[in-house]
Amino acid sequence: MAERLISQWISFGSIALATGMAGATVAAANAAETYPSGVVTVVTHSSPGGGSDVFWREMIPHLQPHLGGKLIVQNVTGGSGAKAVATVADATPDGSMFYATTPTYIYTSLLANPTKTYKDLEPLVNLFYDPEVIYTAANSKFSDLKSVIAEAKSGRGKWGAANPASLEREALEEIKAATGANASIVTFEGGGDMLLNVLNGSLDIGVGEVEEIRSQLDAKKLRVLAVIGDNRLDLLPDVPTAKEEGVDVSVVKFRGLAGPKNLPPEVISAWEKAAQELVADPDYKKIYEANNLQPGYIAHDRYVKFIDDFAQKTEGFLKESGVVK
Amino acid sequence: MDLSYLTQLLLTTPVVPAAFGGIVWGILGGALPGISPSISMALLLPFTYGMHPSAAVVLLGATYFGAEYGGSIPAILIRTPGTNSAAATLIDGYAMNQQGRAGEALGISLMSGIVGGTVGLVMLVALTEPLSQVALAFRPSSYFALGILGLSVIASLAGDSLLKGLMAGVLGLMIATIGSDPVTGGGRFIFGNADLLSGIPPIIVMVGLYAVTELITDRGTGVQERADQSKARIVFPNAAMWKRIAMPQAIGSVVGLVEGCTPGAGGTVAAFLAYSEARRWSRRKEEFGHGSPEGVAAPEAANTATSKTALIPMLSLGIPGSNSAAILLGGFLIQGLIPGPMLFVQHANIVFDLYVGLAVSIVALLIVGYLIMPPCIWLVNRPKPYLSAAIYALVLSGAYAIGNSLFQVSLVLAFGALGFVMKYLRMPVLPMVLGVVLGFMVESNFRRALVLSGGDLTAFVHDPISAGLLSVSALFILSSAVGRFRKRASVSGKVTT
Amino acid sequence: MSRDLICGVVMLVLAVAYTLAAAAIPVSRLADSVGPGGLPQAYGLVLGGLSVLLIARTLLAGRNAAVDGAPRPSEAVEEPDDAGPEDGGRAFLPALVMLAIGAVYLAVVSWVGYPVAIALLVGATIVFRGGRRPAAVAAVAVGAGAVLWLVFVYILQIPQPMGVFTGLGG
């Protein structure tokens, strides 16, 4: 799903739909029995209609039968996700409230030093990956990633990332470092601005999620040059990965859940079971495949380590480049 | 799309109720300070999941339109901008109110909203394809130049002292640097406060500087008392007035058209640019800031036109022209529709339905806008202590809604205090507001353009749009400097003789 | 000291502080040639320069006025747009009280909850602004608390801090 498709275009502060907050406190009292017995709130930092919000609201009808209870989405925007993290970190760890994770919360934790960071949350399970791709204008002179790199080595490349300190920026910086290319990386306030500059030829390439550029791809205004991931995409079987093109860079944009620290074991096992069933659900599979999402179930134990590794890598990147101390 | 389809659409689908509902909701949201058009729309989004797809997008589109208009009501009546863009309407709208011409200002604002909305809609329907090319023609250097054009007005708007006007403008630019850096993403001037990471929203600055400053200023039996004398009903412009506001409305519509087509600028920039352009081309410049009907007409036409034209890049390229258009895009996604080049091929009927619904919403604005005026005017004619208290409560409640944070509420109070101090120091507020509105656009695009060109400053000359806009700005600054010099020379001449 | 002089001095201090803070912004490898501190420093210098000009002009004009009684240029040319508040405590005190009412609202809203805090704010403002009929003041304050709670928390679903009333939708 196009996480960035909207959420980052929206710079207004925030709205939160507190529907069911009262219910959540009631649920807390009964959680000890059979989980989940009441309302389970999924807090997203995305505003209504934003990437994460649409993703979760679409998923919930399919997840509900596998998990039970009553699932609702609550939007806690503001502070680039810091607010949502704090809300969940302060909640009772009884499985009644979770945070919808994306790499954003790691970046915000590291960049802004908010009072509650990703370290105050316990990763629960991961559900999906959003594949990141490198694309160019349909009429550009570049035929593959190699030609983009070659251009950048002989002269100066112009590459676009949707946001200043983001997974996409990190991917481009890694490509630059891995290939020794000479490229200026231009950052924008969201994918839309960048897309325009790829379309009008200001930029050689842009990097983003497939979902963001789907309409332009269908209209044949853009071409995808490479996937910055470990595997090719089912939707674009002819597009090689960056690794196949000789650039050893791979990033993952994850979508999962995290809760307050000290989640009870029965909550974790209930979610692990439901998450696996959900990813295998044939009805939902049709929907998420159409949305270019890759199933990416990660069990609780491994997810804790996954997030930790991701955060350390990101922190290393930000420190090495001097953005944070 | 023949006539029978149209009749069927209007009669059997909930498009008409959606258009009216959106207008009512939008005016309400727009009129509440802090509830921006995009927030009003976002609040409706969850309810559109189960809705008829056409009705859902019409509801959101009409809300956008209604909210852009609604913001001007409290701006004119209680000096509280309901939306960012209404802060431009406020300058002359509230001045008219102080002169007992509130009904007239409201009439001009409503009619200019109708004109702007209609022009915008016609452009949207007739010229989406060619106009989407405008979005593609704008590069970072062009956006930078557009921002400079907006700032160039400070030279002529500065009020009693050019020096202090420029200082206020720079102060505004400084406020706009707070938040994450547009290139590195690192925080600037945030002091570890996550609430500041995404910057200080302009609406907080405007509500503080205009509404709170007015509230805390003790005018004794002053301004708001005089509002009692204003006619308790909306007054529509007569033929002579129409003739006078036609030009500013045209300027506003054109500015709104350009701003809507170019993502990132949005209605606020449009409203302020329209205000200053209208002043620039007006024959009665001196009336601006003191209750000029033209100063109400231009920004209102601009921001309502933007509410339609922002849909041009959103529908044709999948790239919203404003925050609110981004929410509408979310509404499309919820319905499983992906805006962009293929939308017109795959779902032409939804686009058609949206156009029809937006046309209905213009009629709805006229009717609803007229009907809600008497209660609004009645409300603001309550005794002053009660009115002040209500405004204060409204402003502080709305400020919380902007970021769900008490920190934002304290910022509004702080900017209220700052506005008071600036008033004491006789520093004009408007240049500062312009700086806040345009600062981020100017800085981020200046730096982007330089990254793209490899640090070569000639990039701003090689881009024809940028070169054109920058030379126009230079011309304006020069001419206003010459004007000032002449005026001063003639005054000191009189003094010595 | 004239207002222009105060203005110049205050802005100069602000410009210096801001420029120093801007210069302290760490430069990272992700930065461009201008850098995160580039434009802020430029803004700071411009504001500083303008402040010095204003101070100089005021001092010069003051001396000229003392010498030959000529009007100060800035006031002779144009009428101020909006005559500012009067000098002295008479204007500042009410403003401070109004701000204090807002500050008290900020301080208590998380404890007593949004509807009560708003009612207090409304009541205090009315009384301070000259509302004299206790029954009317109380009725309007309670009514405002209820209506605004209904609009913001119930209809617009803005989770205002509810304090002790957390069950009511905060």
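Letters are used for the chains, namely A, B and C, taken in the order the chains are written, and counting of residues starts over at 1 for each.
Operating definition for what follows: a contact is a pair of C-beta atoms (placed from the backbone, for glycine too) under 8 Å apart; a residue touches a chain by one contact, two chains touch by 3 or more.
Note that the structure is predicted; figures quoted are calculated from it, not measured.
Need the most distant chain from subunit A, centre defined as the mean of C-alpha atoms.
C
So, comparing each chain's Cα centre against the centre of all protein Cα atoms, which one is closest?
B
Need the CA-centroid distance for the pair subunit A / subunit C, whole Å please.
Computed value for the inter-centroid distance: 39 Å.
I'd like the Å distance between the centres of subunit B and subunit C, where a centre is the mean of that chain's Cα atoms.
The mean C-alpha positions of subunit B and subunit C differ by 22 Å.
Let me have the rounded angstrom distance from the C-alpha centre of subunit A over to the C-alpha centre of subunit B, please.
32
Residues of subunit B that touch two or more other chains: which are they?
Those would be 43, 181, 183-186, 401, 404, 451.
Residue numbers in subunit C touching 2 or more other chains?
26, 28, 30, 157-159
Specify, in ascending order, the residues of subunit A that touch 2 or more different other chains.
In subunit A, the residues touching two or more other chains are 15-17, 164-165, 169, 185, 323.
Using the touch rule from the top, collect the residues of subunit A that touch subunit C in their complex.
That would be residues 15-19, 21-22, 25, 164-165, 169, 173, 185, 320-323, 325 of subunit A.
Residues of subunit B touching subunit A in their complex?
Subunit B reaches subunit A through residues 36, 38-39, 42-43, 45-46, 49, 135-140, 180-187, 190, 192, 194-195, 197-199, 201, 263-264, 317-320, 323, 326-327, 329-331, 333-334, 338-343, 401-405, 408, 444, 448, 451-452, 454.
Name, in rising order, each residue of subunit C that touches subunit B in their complex.
Residues of subunit C touching subunit B: 3-4, 6-7, 10-11, 14, 18, 21-22, 25-26, 28, 30-34, 36-40, 43-44, 46-47, 50-51, 53-54, 57, 70-71, 73-82, 84-85, 91, 94-95, 98-99, 101-103, 105-106, 109-110, 114, 118, 121-123, 125-131, 140-141, 144, 148, 151-152, 156-161.
Could you pull out which subunit B residues touch subunit C in their complex?
29, 32, 35, 43, 159-161, 163-164, 166-167, 170-171, 173-174, 177, 181, 183-186, 188-189, 212, 215-218, 289, 383-386, 388-390, 392-394, 396-397, 400-401, 404, 406, 409-410, 413, 416-417, 420, 423-428, 443, 446-447, 450-451, 455, 487-488, 491-492, 495
Give every residue of subunit A touching subunit B within the complex, in rising order.
Of all residues in subunit A, those touching subunit B are 2, 5-6, 9-17, 47-50, 53-54, 57, 76-80, 82-83, 107-108, 111-115, 156, 158, 163-166, 169, 184-189, 192-193, 195-197, 199-200, 202-203, 214-216, 218-219, 221, 323-324.
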